[in-house]
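Here's the structure we're looking at; comments come further down.
By letter and in written order, the chains are A, B and C; residue numbering begins at 1 in each of them.
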Amino acid sequence: MLIQLKKVTIVAESLLKEGILEILKAQGSTGYTITACEGEGSKGIHASDFEGRNIQIDTIVSSEVGQLVLTAVSERYMKNYALIAYMNDVEVVREDKFK
Amino acid sequence: MLIQLKKVTIVAESLLKEGILEILKAQGSTGYTITACEGEGSKGIHASDFEGRNIQIDTIVSSEVGQLVLTAVSERYMKNYALIAYMNDVEVVREDKFK
Amino acid sequence: MLIQLKKVTIVAESLLKEGILEILKAQGSTGYTITACEGEGSKGIHASDFEGRNIQIDTIVSSEVGQLVLTAVSERYMKNYALIAYMNDVEVVREDKFK
């Protein structure tokens, strides 16, 4: 019933939302969850002080798509924005078994 | 100090909250966290467009209870609702060591 | 491009926020994310009923720092507060590669 996939998580300023979702779609992700959050990075600057709240975007994908998403997001944003991006193993219920 | 457990995560429409919490309790979960979120699934429909915001429910359980929760939630809801359900390994502080 | 680190997660009453962030900084964490949530623990008491909403604090650190954070947080708070603390493996994009 369970399959091994990756959960990719990206925490960024909320103004990057549409750009990150574009990348997700382009790389093959078919769904995502967005959660509002606040944070402080290694520069000691609260993003919430100047840009509004941060967002955490999660998407469940194959390991291959996860690598592509992380690479694309990092290449596009990491030089100029505070952004955290990572993935971890998850065991996911196969939807098709129940439909 | 740390024990290996599972974190089960269920992302669903908020109207399913009480039903999912019933399942958690029935299967042996003794605590949970709920976070508001929004999302889009593979059907391209924003749940937030018609049902209010989504919720993410997390619970820390044994691997066995995790399997039971995922099976019960999926069997009850996955046919008719957009729902994501998965679990992953976590190393958890044993509360009893500090009480 | 990816390095293996730990994500430490602490779910607690929001009044513990500053104290937990102090511990994170003291133990070597350089960034964190805070998400508002609600929850119920094994005592069946909603923290939100008497103390305001809960918070989930996440920080990405080395395995060694993760152990130190979990130990310090547990020793300081677990006897007297409802608190969940755990960590899991994550594969994180190396920021320095893009800066």
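The rule is simple: a contact is a pair of C-beta atoms (placed from the backbone, for glycine too) under 8 Å apart; a residue touches a chain by one contact, two chains touch by 3 or more.
These numbers were taken from a predicted model, which means no experiment stands behind them.
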Same-site or different-site touching of subunit B by its copy subunit C, using the half cut: different
Subunit A on subunit B, rotation in degrees - Cα superposition, rounded to nearest 5: 120
Rounded Å distance, subunit B centre to subunit C centre (Cα mean): 19
Shared-contact residues (touching 2 or more other chains) in subunit A: 35-36, 88-89
For the subunit A and subunit B complex, residues of the former touching the latter: 1-2, 5, 7, 30-36, 60, 88-93, 95, 97-99
Touch list for subunit A against partner subunit C, complex: 9, 11, 35-42, 54, 56, 67, 70-71, 73-75, 78-79, 84-89
